[in-house]
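Next up: the structures, one after another.
Look at the two complexes coming up: subunit A is in both, with subunit B in one and subunit C in the other.
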Partner chain A sequence: MARSRSPKNPQRPAGKARFKVGDRVRVKDLPNLFYSRTQMYVRGVVGTIAACTYQDVIPEDEAFNRDGQLEQYYIVRFRQKDLWPEYPFDNDTVQTESPERWLEPA
Partner chain B sequence: MSARKDVLKQQDIIGSLQPAIHVPQNWNYEVEPDLYKAYMHPPHDVGGQFDVPVRYEEKEEEQWELDTYVTCEVLGWRGLWNSEERRRRADNDLGYTLYLGIPYYGRWILAAARMLVDKGHISLVELIEKIAEVKARHGKK
Partner chain C sequence: MSNAHSHGDGSEHPAAPMVEEITDFEVLEIAVRELAIEHGLFTADDHRRFTEWAESIGPAAGSRLVAKAWTDPAFKARVLEDAVAACKEIGIDWAEPTGFGTPSDYMNLRVLEDTPTLHHVIVCTLCSCYPRPLLGMSPEWYRTTNYRRRLVRWPRQVLAEFGLILPPEVEVRVEDSNQKCRFMVLPMRPAGTENWTEEQLAEIVTRDCMIGVALPRPGRTADIHPVQKARRPVKRTSHPPETAHERKK
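Now for the complex of A and B:
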């Protein structure tokens, strides 16, 4: 992800990735306060880790111009049917990106 | 400067922009948890919500939109803000009415102006007077 950013602070890497490709995870429904990048339509839904992508700044930090601490990001794959109960096709999926803090084992 | 009749016409339009949720609300003393969660929802997350049909419009960027894009990028390169503050949080902080009511790059330029005032690079008085001066120069209301 190319970004125009000049970090103020040295970047602190996240620890070892908690999830691996194929793991089942549920998106947390943390409180919304001032800002969130985690879409409502995936919250509480179980999906599969499709890729363990990279470490980057915590969205809630970056939104307020804090940087330094990095966290692990993942691509999570959901069945469309799990997101939209009335969705007609079993095999269709949608993928979205999520930082580790918003995911829990399912 | 607007004539008084223009100000009164504005008042009518502003009144019509009250959020179209059909429960009475006016600085409620008691807010049910579900309603509280709805109030706290950030405007940019619209996926999965019901909406009225909207017209799909495909058009080239206009010059002011390109100028806005470049201005915001340059402010980023100079380290005044980062992309998350700019495209996401500052846009959301405009509130539902502005977020949904004005063009995409309208959000950006207002968010940029707000950031410059918030961070003390320009004063609000300076900005308001400049806008009034430019409007007068172009003969706009």
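Now for the complex of A and C:
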């Protein structure tokens, strides 16, 4: 898919995607350096890669106009029961997006 | 100059804006816009025309996309493969008019296909990300913190409040558009619509069906959220004005 905004700096594409659809990943619980789009509710939780989507600048850089380095993004699927143990329906899921650096193999 | 003014009736109060509900972001938007106009990046008239155009986009394009996907399996396959490209076939170019995805803000669209065992519903827990080129501006409730935080945690209860109760064997999948993808739900074509034209089908694909808080069905052509009136006990004053007036007579 197309990159979103017209870049100011030369783009440096990300390398080969580290994860593929079906891989189990854990969302890292990194400190928030001024800005992040990685929600607290998925931190430390294990999910499954549902899609490798696009390469783009990460929000932590974009917020400060550093738009050169691209990174692979994924859609990650979580079981509701893994997010909230008392959740009553076994099948229900939540999907969120994440850049690669927030994910580690699980 | 004094920061208080007189009304000539002896009352004085400090000058204050008439609308106090303006947010910091609105103030920021006005400041940036006025600077941009001052620096000649665009004119006030450009801004007015763009705003009017952006606000005029409704969900009709999304309805057309769903109706076409229901009647044309090859188009549906293209929608699921590359939704931004498929949008061009129904006359929607996500790059218009700036070349980088305005008014969507990004150019990654994924259409989520419902099945008999899977129901999607979209939310943006961070703010109000929404596939605007297809659906126009999001409804007010979509942007409320109430919807955004509760849909992730209690999706079935929130859907029930919209009148949508799904059996436990159907997987409810909440899609949080927290980064640069925008999402839209492709609901299942309801029974009783066999031999309908695309135009007829599009009429029942309302905005709420494409967010995932309602299901299309024959005869349902509008998203109507009834206003629930608060039923709280009303305490009458001991001397209602009309009674006092009656007494004077």
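One rule holds in what follows: the second predicted complex is superposed on the first by the 102 of 106 C-alpha atoms of A that agree within 3 Å, B and C clash if a C-alpha of one lies under 4 Å from a C-alpha of the other, contacts with A are read in each partner's own complex, and residues count from 1 in each chain.
Throughout what follows, a residue touches a chain if its C-beta (ideal position, glycine included) is under 8 Å from a C-beta of that chain, and two chains touch if they have at least 3 such contacts.
What you are looking at is a predicted structure, and each value in this text was computed from that prediction instead of being measured.
Colleague: Does the subunit A-based superposition show subunit B and subunit C clashing or fitting?
Modeller: Superposition check on subunit A flags a clash between subunit B and subunit C.
Colleague: Just subunit B (first), just subunit C (second), both, or neither: which does A:Pro99 touch?
Modeller: second
Colleague: Taking the superposition on A as described, I'd like to know which of subunit B and subunit C A:Tyr35 touches: first, second, both or neither.
Modeller: A:Tyr35 sits against subunit B, while subunit C stays out of touch.
Colleague: Regarding the shared-chain residue A:Asn91, is it in contact with subunit B (first), subunit C (second), both, or neither?
Modeller: The answer is second: A:Asn91 touches subunit C but not subunit B.
Colleague: Give the label of whichever partner, subunit B or subunit C, reaches more residues of subunit A.
Modeller: It is C that touches the greater number of subunit A residues.
Colleague: With both complexes overlaid on chain A, does A:Ile75 touch subunit B (first), subunit C (second), both or neither?
Modeller: In the superposition, A:Ile75 touches subunit C alone.
Colleague: With both complexes overlaid on chain A, does A:Pro59 touch subunit B (first), subunit C (second), both or neither?
Modeller: Both partners, subunit B and subunit C.
Colleague: Same subunit A residues contacting subunit B and subunit C, which ones?
Modeller: Correct list for subunit A: 3-6, 37, 39, 41, 59, 84.
Colleague: Going by the contact rule set out above, which residues of subunit C touch subunit A in the complex?
Modeller: So the residues of subunit C touching subunit A come out as 82, 84, 95, 99-101, 105-108, 110, 125-126, 152-153, 155-156, 168-181.
Colleague: Please give the residue numbers of subunit A that touch subunit B in the complex, ascending.
Modeller: Where subunit A meets subunit B, its residues are 3-6, 31-37, 39-41, 57, 59, 62-65, 67, 83-84.
Colleague: Which positions of subunit A touch subunit C when the two form their complex?
Modeller: 1-6, 37-39, 41, 51, 53-54, 56, 59, 73, 75, 77, 80, 84, 89, 91-99
Colleague: Can you check the complex and tell me which residues of subunit B touch subunit A?
Modeller: 37, 40-42, 45, 47-48, 73, 76-77, 79, 81-85, 88-89, 92-93
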